[in-house]
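Same chain, two partners: chain A is paired with chain B first, then with chain C.
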Partner chain A sequence: MKKKKVLLAPLDPVHDIGLKMIKRGLEQKGHDTLLMPPDYSQEEIIKSIIDNDADIVLVSRTLGYGVAEILGKFIDLAEAAEIRDRIKIGIGGMAIRPELAAELGFDAGFGPGTTVAEAVAFVEGRKYIPEETKGKKNKKDITEGYNYLFHNKKIEKLLDSIVDGILDYVNNKTTTAIQRAEIRRRILESDNESEIQRLRVDYSKLCDDVIKSFYVSGKYREKTRPLTSSEVSALKRYVDEVNSRMNPLRLQHNDKNPVVFIQYGTGCPFMDIAHIKSCEAWGSDGAVHFDPSWGARTEGFLEGYITHEEDGSVITYENLKSIKMSLAPNTLWQVRAHRGLNTPETVLLAGKIGADLTKVNIAYGSLGGGTDPERLTVDAVAAIKYAAEFNMPFDVVTNEELCGVPAYKAFAGMLIVSKLGLRLGAKPILQPLFCYSPEVMVSGQMEDNYVDFNAAKIYCLRNIVNAPIWCGAPIGFLTQTEDRVQSSLMTALHASLASSLGVDGISIASSDEAFSGGPITVPARIDTLRATQASFRFFGQSSIAPTENAQNWANEIEEGIEKVLESVVKNGNFIEALYQGILGSREDGAYPGRAGKNSVIKQFC
Partner chain B sequence: MSLIIGIAGTAKNTGKTTTTSSILDELYNKKILIGLTSIGYDGEETDNITGLPKPRLFVKKNTLLATAEKCLKAGSADYDILETTDIMTPLGRICIVRVHKEGLAVVAGPNKGSQLKYVENKMINELNCKVVLVDGALNRIAPMIETDGVIIATGASRNVNIDILVKETKALHELLNLPEVSKEELQYFTDISKIALIPKKIHEKTSFLNYGSLIGNDIVKEIIDKIKCAETVFIPALISEFALKKLNDGLGTLWANKTLIIKDPIKLITGGNPETLINEIKKIKFNGGNVKTLKNLPLLAITVNPFYPKYRFDIDSYEPGYIDREELVDKMRASVDVPIIDIKHEGSLRLLKSILNLVQP
Partner chain C sequence: MSILDKIMDAIDLETYLVCKDEDEAEKLTKELMEKFGFKDISIVFIQHQGPGARVRARGYIYKPGDRYGWLFKQSY
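So, the complex of A and B:
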C-alpha cells in the first residue's frame, strides 16, 4: 500500500474531534497526515493542498442552512484550482449522508456512526467491509456455565423433600389442560386431515364454552377476530422489508453486561412484530410474549391468526409462528406459561415452534396469578416436562412480590419450582423482582437507596445455588413515573446495578409502560433501550458498591427461606402450604387462585 | 449540430430542477433525442436541507441518462444499461443508460469536469444525442465549463432583495462575457499550467510561478515583484477575490498597458462574489490594463423564481415565501441582455426557441 498524504481540514469554526480520531487511525496505518487548525478559509485550505501536495482531503463540517452551499463551493474551488482530478475529497459530519456528499460533489460522505476504519479504507482506496464479528449479535444461552450446585446444603435437602412430595402428589393425576396439550401435539404431528378434524372435535370437548363455540360454529370471542389474508400477507411483506434494512445496535458494552429482554403483548400480532422489530433495531436481545389475562382463565386455545382489542396477544400456533418467523436470528424468544389453565399446551406450542425460553412458576401462578394451586401444580409438572423435552430453559419469576409477599417467601416458592425443574431434567432460571416492591415500601429497606435490597436478593440467591439469574420483570418497576426521562433513567440505573451484580439477563419496560393509559409506544421503548445502552457504556466494568445492609439483608432473606421451607416440609405438602399461605399469605396480599379449582382428574391404573 | 446545455442554480430552491424539467418537456415535444446528466446528485424528493419537496425529473423512452448505480433502482423509470463506467461516486459507479420505460428518474451524474466531458462525448458522438442537458448541483458551477453554454436559475432563494439580485446577476453575465483572446494567444496559453508573467516579446524570458492559482499573499507578492518586465499576466487556475483585490492594491497604475489573461470565467466566479470581481476588473481597466479570457462560457438564458423557503422561528420550520414576480422579471430584463424567463409563470417555450436556434439555425 502506497503511503498517502492526507490533509484533514475542519471547514468549521471549532469542530475537529472526528478528524483528530481519523488522523490517529491514518498515522497508525503509516500515512502522512496534516491536520489544519479550525477556521481557515476555503482558499487557505486549497493552498495547503497544493503546498503539501496532498493526495486525499478529508473535510469536516456540521450542517446548517447555507452550509451546503459553502461545501459545494469548496469542491468548485478545487476544480477551478485544477487539482480536483488528482485528489480525492471526503466530507464528514453529523448531517452528512452519501446522497448529500454526491450532491455537493465529494467523493465520499461520512455521516453519524462512521468508523475510523471506514475513513482509512476511503484513503487507501479500498471498499469498506465492516468487521462482521464486531456488529454481529449471537443468541446467548444464559444458562451456559451454570451447574446448579447448591452451596446451601440445608436448603437443598429441604427442597428435595418438597419436590419428592410434589412428584408423589401429581402421580396418577391429570387435567384437561394436559389432555388438550397431548391432543394438540397429535394435531400438529398428523398429516391426515380427517384425523386432525377428529382430534379437533376431541379437543373442543375439553374447552370452555367460549372456545368450544369457535370449534363448533366458527364463532370468535368478543373483541377478537381473525387477521384477513391481506393483513397476513402485508405482515410478511413488512417483515421482509424491515429485515432487509435491519442493522441492529448492540446494548452491551462488555461481555459482563446482561442480555436485555423487552416484553410485548399489544393484542395484535402485527403490532407485536412491529414493536419487536423496532426493539431489535435498537438493541434488544430478547422478547417475552405476554398472553391475555382472559386466556389464562379460559380452558382451551383458539386457532389461526387472531387479533383482539385487549392487552396481551392471543396464543395460537399460527400467531406464535408468525412472531417466531419475524424474529432476528439472534433474538431470544420467551413464551410465558407461568399462570393459567393452558400451561402445558403453551409450553408445547412454544417448544414446537422453536421458542428459546418459557416461564413457569406454580407459587406465583397460584398465589398472584389466579389459578388454583392444585391444578397449577399438576399442570406445571407436565409443562416443565415439555420444557425439558424441547430444551427450553424456563424462568421462575417471583411476581407474587408485587402482591406484597416478602422476598424470602417468594424465593422459597421460586427455589421449590426450580428444584422441581432440575429434577424433571429442565434448566430453571431464577427471576427475582428487581424493583420497589410493596415489601420494602412497608418495611423501609429502600428508604435510602434502591441498591441495597436489590443487591441483597442477588447475594442471597448466589449464596444458595449456582444458577442463572434474570432480573425482572420489568426491572425498576414502581420506581418509574409518567416522566419518560425519569423512567428511562430508573431503568438504566437498575440495568447497571444488575450488571454490576453479575446477573445474566434483565427485562425492561418502556418509559411509558407504567403510565401509558393505553398501548405503549415505540419511541418510549427506544427511550429505555438507549438509556440502558448509555448506562452500560458509562459504568463499563466498574462496580456499584452497595452498603453493608445488602449483605445483612441477604443473610436475613436466606434465613427466612430456610424457615419457610422447613414449614412446608413440616406441613407435609407443597400444595397445602400454598393454600395455607406458608409461601405467601392473605395478610401479605396473596390469595390462592380459584380458576380450575377441583378440576384435577385422578387416574386409576 | 448538437448542443450541451448546463443548468446551474445560484442557490437551493431557485428553480433549477424546474427549469431542467420544463426544457425536457419541450424537447420531448420536438422529438429531439436528449442526453441527461447532472453534476452530482439531484432529483431527490425532498430538499436535503430544508425538507421541502422538490420536483423530480420525468424521462421518456429512449432518453439517455448518465447516473449512479444506486439511483437506477430509485424512481419509476426503467433502463437498459449501455455502459458501466469507471467513474466512482458516493452513490456507486456512473452508468450510461437508455430509458426503456418512462417515469421519474433520479439523476446523479459525474461531479468532476473531466468526467462530465467523457459522458458528454459518449452521448453526442456515439449515441447521437442532439441536446445534452447537464443539471447542476448545489452551488456547483465549475464543471459547467465543459458545456456549450449555461442557463442560470436564480431568484428569491438566493436573495430576497430584488435590486441586489439583479446587480449580482448582471455582474455574473459580465464575467461570463469577458473578451476572448486571439487564436494565436489561445494556442500559446492552452498548455501553460502555472502563473506566467510574459514580457513584451512573446516567448522570451517568461517567468513562471510555482502556482497555477492566485490564492495567497505570497503569490500576489511574487507577481508584484516581477511585474515590471511583464506585459501579460496569465493565470491558468483559480483566482480568489481576496487575492485579486490584493494584487490590484499592490499594482495600481502598474497595470497600465498590461493584460490579465484568465483561462475561463469559472476560475473567477468560483473564487468570489461576482459584483466584487467585476469591480476589480473595472479597477484594472481604470488603471489602463486589460482583462481577457481564453474561453468564455455563454450565458444562454436566466430563469427567475420568486419563491423562497421562509423560515419561521415560532415553529422551527420552513414555509413557502414569495417576492414580487413582476418587479423581479422587469428589473432583471432591464439590466441583463439575455432571455429572462419565469418558467413557472411563462413555461419554457421561449427559452427553448432561443436554444433551438443554436441547434437548428
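So, the complex of A and C:
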C-alpha cells in the first residue's frame, strides 16, 4: 500500500488526545504524519496542508458549540484554496456525527466510540472491519490441554479404590431412568411410526402418574402448556432475523480470561432463547440450561414444545432442540443432569441434540439435590457413559457447599465423581463454588475478604490434579444484593479473581441474582456481562494477590480431602458413605435424598 | 402496534426520592409506577439514607409463558 502523508489538526483550544492516538496508529502502519498543535486558526491549518503537500487531513472537534459553523467554514476554506478535490478530509470527535460530517461536505465523520483502526482504514481507503467481526469468536474446548495427571498420588490411589467399588456395586443393576433412556434412544432413532407409538407406551409405563397421564390422555402437568404452532413459527422468524444482524461483543481482554457462561431457565424456552440471543450479543460464551425442580423429582419426561409458569425450563427433546437451533455456532451449551431422577435420559437427549457439556455430581445430587444416593449412583454411571459416548465433558459442581457442607468434604465427592468419569472415558471439569458459603459464614474465613478462601480452593485443586476448572455457580453467590451496581460489581470482581487464578470457565448471574420478586430481566443480564468485560479490561494480565491465608487454607482443604477419602475407603462403600454422612453430614446441613429410594433394580444374568 | 410490544420483558425505573424514610419511599414508588400505568409492579431495590431513597422499581410487560408482542412482529 502506498504510504500516505497525513496531517492531523485539532480544531479545539486544547483537545487533541484522539488525534495523538490516531497518529501513533498511522505511524505503526508506516504512514507519515504531522500533528499540528491545538488552537491554530483554520487558515493556518489550510496553509499547512498546502506547505506539507498532505494527502489526507484529519481534523478533530470535541467542543459542541458552533460546530456546524466552524466545520462548514473549514470546507469552504479548503475549496477556496483549491485543495478540496485532491485531498480527503475526515472529521472526528465527541461533537461529531457521521450525518453531520456528510452534510457539511467531509469525506467521513467519526463520532464517539471510534477506534484508531477505523481512522486508519479511512486513511488507507479500505472498508473498516470491526474487531468483533475480524476476530470471529470460536467455540472453546475448556478441557483442551489437560491430561488429568494426579500430582497427589495418595489421593489418586484412594480415588481408584473408591471407583473400583462403585463400578463393582452398579454392575448388574439398573433403574427405570436407565430403561427410559434406552427407550428414548430407540424412539429418536426409529423412523417407523408404529414402532415409535409402541415404544411411547413402553416409556409411559416407566413414568410417574403425572407424566403417564400425558402419554395416555394428553393431559399436561399443572402450570405447563404446549406452545402453539403460531408461536413456534414466530420463534423461527425471530431467531432468523436476529441471527442475521448478530455481531457479538467479546468479554475477554486477553487469552487468560476464562470463558463466561450465563444460566437460563425462565420456564419458557422461547423467553430463554430471547435471553440467550441477547447475552450472546453482549459477549457471553456459553449458556447453561436449568430445568424445573419438579423435573428432577418426577420419573419421566414430557414431549413437545412446552412452556412453564415457574422457574426452570422443561426438558423435552423439542424444547432442547429449539434452543440448540437458536444458538450461535460459537456458543457453548450445557444441559444440567446432576441431581434428579432423569439423569441418564437428560444426558442422552443433550448428546443427541448436540450439547457441548453436561453436569453430573452424585454427591451433590444425593446430599443436596434430593435424590437417593444408591439410585443416583446407578443412574450417574449410565449418564457418564452417555457423556463419554457423545464426547460431552461434564462438570462436577460442589453445590452441597450451599447446604453447609465444608469444601473439603464437597471436594472429596467431586474428585470421586471426576475419577469415575475418567474411568468411564469421559472428561470431567472441576466446578468448585466461588461463593460466600455457610461454611465460611460460620468459620469466618471471609471476614476480611472474599479472595483468600476462593483462591485456596483453586490452589488446592491445582495441587491435586491437572484438570480444567470452571468456577460456579454463579460466581459470587450470596455476596450479591438487590442493588444492581453492587451486584454487578461483586460478579465482576469474582470474575477477575477467577481469571487471576487461571481458571478456564465461570458462570455468572444477572444483577437480579438477589431479587426474588419476579423473573430475571435481560437488562439485568447485560449489567453483569458489561461489568465482567470492564473488569477483565481493568486487570488485564495483572493479578490479584491473595494473602498467605490462601495457601494455608489450601493445605488444610487438601488434608481434609485425604481424610475424607480414607474414611470412604475404610467404610468400604461409596454409597454407604453418602448415607452415613462421610461426604456431608446432617450436622453439616446435608441430608441423603429420598426421591427414588429403593428403586434400583437388580438384574440377574 | 404499541411500543410496549417492543419491550422484551420489563421496564425498570430508577430514581432518587426525597423522603423521610424507606416506608415513604416505598409508598411513593408504588404510586409513581401506578401513575405510569404499570399493572405488574415490583420494587427491586430500595435504600433510604439521609435525604432520601435510591429506588429501582420494575413494571413487567411480559413474563415467561406470556404471548410476547415482540415475537409476533414482522420486524424485530
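Simple rule for what comes next: the second predicted complex is superposed on the first by the 483 of 605 C-alpha atoms of A that agree within 3 Å, B and C clash if a C-alpha of one lies under 4 Å from a C-alpha of the other, contacts with A are read in each partner's own complex, and residues count from 1 in each chain.
The rule is short, and it goes like this: contacts are C-beta pairs under 8 Å (C-beta built on N, C-alpha and C of every residue); 3 or more make two chains touch, one makes a residue touch a chain.
Since we're looking at a predicted model, the values are computed, not measured.
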Per the contact definition in the header, classify A:242: touching chain B only (first), chain C only (second), both, or neither. second
| message | Taking the superposition on A as described, I'd like to know which of chain B and chain C A:117 touches: first, second, both or neither. | response | neither
TODO: For A:47, select first, second, both or neither according to whether it touches chain B, chain C, the two together, or no partner.
DONE: first
I'd like to know which partner A:307 touches here: chain B for first, chain C for second, both or neither.
second
Item to complete: Kindly classify A:478 by the partners it touches after superposition: chain B alone (first), chain C alone (second), both, or neither?
Response: neither
- Between chain B (first) and chain C (second), which, if any, makes contact with A:187: first, second, both or neither? neither
Regarding the shared-chain residue A:231, is it in contact with chain B (first), chain C (second), both, or neither?
second
On chain A, the footprints of chain B and chain C overlap at residues none
Per the touch rule above, chain A residues touching chain C in the complex are 225, 230-231, 234-235, 237-238, 241-242, 266-268, 270-271, 274, 278, 307-309, 481-484, 512, 515, 517-519, 521-523
So, in the complex, the side of chain C touching chain A is made of residues 8-10, 12, 40, 42-45, 47, 54, 56, 58, 60, 62-65, 67-68, 70-72, 74-76
Chain B partner, complex, touching residues on chain A are 41, 43-44, 46-47, 50, 63, 65, 68-69, 72-73, 75-77, 79-82, 84-85, 97-109
In their shared complex, chain A is touched by residues of chain B numbered 11-12, 39-42, 44, 48-50, 68, 70, 88-91, 108, 111-114, 137-143, 193, 211-213, 215-216, 236-238, 240, 242-243, 266-267, 270-271, 311
